[in-house]
Amino acid sequence: MDVGVWLVGARGSVATTVITGAAALRAGLAAPIGCVTESPDFTGAGLPSLDRLVFGGHDIASTPLPKRAEELTRAGVIPPPLADLVRHELEAADAEVRPGVAPTPGTWPVPPSTTGATLGTGIGEVAGVEAETQAAMARRLIRDLNGFRERRGLERVIVIHVASTEPPAVPHPAHQDLEALTGAMELPGEVLPPSSLYAFAALSAGCPYVDFTPSTGVSLPALDQLARARGVPYAGRDAKTGETLVKTALAPMFAARALAVRSWSGTNLLGGGDGATLADPAAGESKRISKDRALPGILGHSVEGRTHIDHVPHLGDWKTAWDHITFEGFLGVRMSLQFTWQGCDSALAAPLVLDLVRLLARAHERGHHGAVRELGFFFKDPIALDEHRLQTQYDLLRTWAASLS
Amino acid sequence: MDVGVWLVGARGSVATTVITGAAALRAGLAAPIGCVTESPDFTGAGLPSLDRLVFGGHDIASTPLPKRAEELTRAGVIPPPLADLVRHELEAADAEVRPGVAPTPGTWPVPPSTTGATLGTGIGEVAGVEAETQAAMARRLIRDLNGFRERRGLERVIVIHVASTEPPAVPHPAHQDLEALTGAMELPGEVLPPSSLYAFAALSAGCPYVDFTPSTGVSLPALDQLARARGVPYAGRDAKTGETLVKTALAPMFAARALAVRSWSGTNLLGGGDGATLADPAAGESKRISKDRALPGILGHSVEGRTHIDHVPHLGDWKTAWDHITFEGFLGVRMSLQFTWQGCDSALAAPLVLDLVRLLARAHERGHHGAVRELGFFFKDPIALDEHRLQTQYDLLRTWAASLS
Amino acid sequence: MDVGVWLVGARGSVATTVITGAAALRAGLAAPIGCVTESPDFTGAGLPSLDRLVFGGHDIASTPLPKRAEELTRAGVIPPPLADLVRHELEAADAEVRPGVAPTPGTWPVPPSTTGATLGTGIGEVAGVEAETQAAMARRLIRDLNGFRERRGLERVIVIHVASTEPPAVPHPAHQDLEALTGAMELPGEVLPPSSLYAFAALSAGCPYVDFTPSTGVSLPALDQLARARGVPYAGRDAKTGETLVKTALAPMFAARALAVRSWSGTNLLGGGDGATLADPAAGESKRISKDRALPGILGHSVEGRTHIDHVPHLGDWKTAWDHITFEGFLGVRMSLQFTWQGCDSALAAPLVLDLVRLLARAHERGHHGAVRELGFFFKDPIALDEHRLQTQYDLLRTWAASLS
Amino acid sequence: MDVGVWLVGARGSVATTVITGAAALRAGLAAPIGCVTESPDFTGAGLPSLDRLVFGGHDIASTPLPKRAEELTRAGVIPPPLADLVRHELEAADAEVRPGVAPTPGTWPVPPSTTGATLGTGIGEVAGVEAETQAAMARRLIRDLNGFRERRGLERVIVIHVASTEPPAVPHPAHQDLEALTGAMELPGEVLPPSSLYAFAALSAGCPYVDFTPSTGVSLPALDQLARARGVPYAGRDAKTGETLVKTALAPMFAARALAVRSWSGTNLLGGGDGATLADPAAGESKRISKDRALPGILGHSVEGRTHIDHVPHLGDWKTAWDHITFEGFLGVRMSLQFTWQGCDSALAAPLVLDLVRLLARAHERGHHGAVRELGFFFKDPIALDEHRLQTQYDLLRTWAASLS
């Protein structure tokens, strides 16, 4: 039986690259570069093969997937003939996209609109119509998930949130307790940010869930209770695809060598939709918090230096990160290391989506539930895991995957 | 009882920094930054404490250690008042320096002379005098080592080679077999390069031995036989202090993420004596071979790109490395990472000398002999270890150290 | 006759380096590296020689110059034996330092205190004492200047402001007109920021004046009127010593080659007192405004990208700037240039202080008054000059200097 | 009347980009980014407009221009739909490509074959056939040029050499004197390298000539005599498109500020055909000589540091240059600047080809002959010009262009 992949933000750049790439891999048109789970370390883990994945999702954007794939071809993210060659698969996935939900204006800060990666407006936004409760919205989302599973005859459906980053959530007492939460959702008003509403719906429908962005999503105690109650595994958050990836590879070097890191300054230049979203101070704050967890975790102390996130539209789908590190060596001698990372965001993210879906599908099959800390390797701010060293995270992942066989 | 540290190249920059630093640490004048074995992971390993170390060594250079320390103070390697404060210890170590040996001119290529880091001329160089055999030279070196041990009442003496890099050794059949080697050494002519002669003497005297440079040193089958026969441990080679250190921290990131590294180009700018030596094509070749082993080992395939080593005298004791890496991600999208490392060579090397001496002393005490592969963490080209990933090497070291307790 | 150099911020890092360096040059202990006016292009300009310069100044800091020079020696700004060798000259200059003035708390935003570079508290700050008017303060400053000139028998005195950067000045109608200004200064309250009060005093005393920082200083219409009325030349503002220097060398390259610069992002990491001051958003704003003028001036259009100024105390007296530029070439192909500048702020600034003093002294001698636009080569935000291209500014300076002969 | 542009290496990457781009500009499909002569400074110079240019050339490669343009589209040099839109113009130019000449194997070192940018084999290479003399080859080339001019009714034809870099030429006495040269060319054997044979033919046919590469080309005394005798202007050599461009913008900054540059190290990573050619030590030597002229010319003294040119095929048509500069400031304080340039070689070169053709056509029209030093702005190693500062070169060019009106 096939496995469903339900992308929240299904017409965004990441989702479009995922669907195009999965089709290309299936057709033998591309090598699985960047796919961790295609390496020999995962051969025996019993993961669903790529040709068993079926795509659908939520989005508000109306630009269909084949057109989005053309845009990404012009932007240099998808190599020239590919979008044409897999047009059929893109159309099939696009037929499985349903309208998403969005915050009632004024309740949750709305991130600036970005091409194809925004969340849908719910009925709540329609002027003059009585606002839908979040419970009603959740029921609608659950119906979408169940419909997908039944219509396509799927063994299970994995939901993964790849939409724009939200600002940090406003705390609410009902976030701490599942019963309080379900009660509060029946009342008018918004108790959950959209990302958490999607997570609520996914878990309620028995679907494993992944927070691919720094948005609040599943990381509320009430939702952890829900996941455990429903026997569903989840993972997150904020995929580690650039500056933080390099940071968590380099910082352990200083730690292992007992070199005293004194400052670590970073500047991130982002074009495209993600840059526009994160240039918003509130959304950027979510990202910065997420990015800043790794260093003290690895070095055992805090260091001087700030992390900037700038929007530079001319960079398009590319991002550049410059990090400057000063450290002391023997007898206090001052030295430095700097690096510049130039990457394509969607190309870095897409294979990790496929990896996470496959691993979480297998974990679900094997009866895991609650937070899967062993997937921390993929995230800037891993849920339920204090380990930030990349290689150690990989060893943890590899060992766990072997246990799934 | 105290432990002897016998430095081959005892008046070079690295040795001077080691001796100054060890005295400063003992006196509480400096924190043990860069000392791996001072981290909590090694607390229970039973290593000899720093105040049990007594220094001596071989060198030809006549500039005494206190004067060398002043030079390094002006160069910014040793912080201003320190050399004065530990002058007594520098004088004591200088009193234990004995003349070294050097290749007969024309037999082994002689590296360009560098301040205080050259190997001594043996009797063989004296014109008109009949050449000393290498066996005779070795006996002289052994007497120096035994004299040091007895005179200072040492539990054991660790020999560590920190002199200038030699060109790759000319192969000789006697390198393969200990008996053939000892026979050949009794004849006129040179069968061993100087670094290997020092290793031969150290092992013969029952002293653990470390190859801190890429010179041939102990890495000959005949010397491995000798070490096993004498029950002595050894380790090497070529301490990992800069570009390669960063390489072995970063390359596993690409491997773990299944990103396809296509090229890795590096330019190393070195001032000082090391730069002058390595600017010599033959000596530079030893270094390049040593530096180039790590990447294919970690990535599983070779990549495009060259490694340059340039001598830039104005850099003084500092070195700068620029590495440029291109890689492919999902669907073949091309991306890049570059880094610039700016470090002080002697300050990076010195604490590792202390670490290696302490670890090898303890290994000797616990009865280890032959190549200690678990010390590969410290080396560019680890003897008897195929693992180049820095974090994995550290885990190996940590586990092994715990077993010494 | 000798020429006086009156440094506002006389015990700061820049002033200490200036005084130490001038003494070292006079004594033949150092070469005039970084001194533009020592190049052959200025031989015939009739500039006062360095051994005719006599130093004094205003400051509130009480750490005497010899001690400040020791601190800068430990920090690597002044080479080891120099501060001792010129101790006599440092003491002589220190004897000519008088208490400065500072804003009444709560009136002008006070920058965070920085070692030795802060402006003095005026009587106005003493609790319970009736506040001194700014006119009275100015009279006191003028007396200090006249006293210096007479006591030391000086031909003329050049005043140069090298104290910490102030926030942008609060506009005041009296800034537009000299008569209104002198009237307003007789009333209680503060009409001028401290930097402008110093400029007012200097011009009133007939002293040429230089704004070396981005503070308001002389750049008010009323002060321009004063300079013209008193026949005094002045120049400014914000010495170009690092990132902007490189910018104004590189941006003309893109312009001359008709390459379309699309973004220019910059991150400045500053340690020391200057970093602490500029980390204050208000003071940093002055700097950013000053830094951001050059690019549109040279390129003819604005570009994407921001300039960050971060305080990284561990950098000490050093600063690092990373700039990332994206541009389009033929047929819209996207390319990039990035640079990293690592400089010592005081060492970059000090020789320019000597240059400006010598040039302005000669301009005064030759009867120039008002803003000297030809000195724009030295400044980020040149007064009365729209030309930002470094080489063109240099040609302008060189031609003008030749006309002084 | 139209102006002919005869490209030696007419099917190489540069030529293909030139022809595609010129057609795109004429059709309004692209903006003239990178075209210096389209800036307002050149409006009144009377240059031939872009729509008067007609293209042809010599090459041995048989891949037709439309196909080469497709390859460059896939490589990201030409934006996607352009090659299709100007296919007609590419075909028209391709119809004007004639077979070139190449060195007799074994006489001149042959650079490694590169796609579409190699020089043609002459009859001399055909086995078993008596070798054509260079005089005969030249006559054939001259016939090609005359045929192009007559067939297309051109006012004049400009020849520009954009083929692969040759090794430095073997000196020959006949290079010094035109009469000796013409005599020697009638004998069997090769007296001129191919690039100089093309220059000989161009000048003989009365065509202005440009050396766009570091090959010997027109820079022989005998050819200068020929140009003067025929009243033809010429210019060269080695277009300044990357590292050296930035160098000549930055080095004057250090000179104007009297900062003492101590070392300048550079590493150039080149993919594509140019990289393969220059990886050949002999051809690379031509390039390095050419690149190394600028610095001593600007700084007035030589500096430490080497320039490397590495072939990294994975970079494709892109090149990356990293330069590391150390310099001293006031009191000898050591500082550094480094930059990384990432550019597309053909996109940087192509607009300069159009500029040079237009300027040289106008110079010819106005009666200039011999070396045109005012075009030095475009070259790494400008013929007849000692000035390397970019801005000063631009001022020279601008002033001269104004005089053409």
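Per-chain residue numbering starts at 1, and chain names A, B, C and D are given in the order in which the chains are listed.
Please note the rule applied: contacts are C-beta pairs under 8 Å (C-beta built on N, C-alpha and C of every residue); 3 or more make two chains touch, one makes a residue touch a chain.
Here the structure is a predicted model, which means the values were calculated and not measured.
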Set of chains whose contacts include both subunit D and subunit B: A, C
Selected interface, B-C versus C-D, where C-beta contact pairs are more numerous: C-D
For the pair subunit B and subunit C, the C-alpha centroid-to-centroid distance in angstrom is 50
Rounded to the nearest whole Å, what is the centre-to-centre distance of subunit C and subunit D, using the mean of the C-alpha atoms as each centre? 46
In subunit D, the residues touching two or more other chains are 76, 336, 338, 340
Once bound in the complex, which stretches of subunit A touch subunit D? 74, 76, 80, 340
In the complex, go through subunit D and note every residue touching subunit C. 17, 20-21, 24, 30-36, 38-39, 76-79, 82, 245-246, 249-250, 252-253, 256-260, 328-333, 335-344, 347-348, 350-351, 377, 389-392, 394
Interface with subunit A, subunit C side, in the complex: residues 262-263, 265, 267, 269, 304-306, 308, 310, 312-316, 320, 322, 324, 326, 334, 336, 338, 340
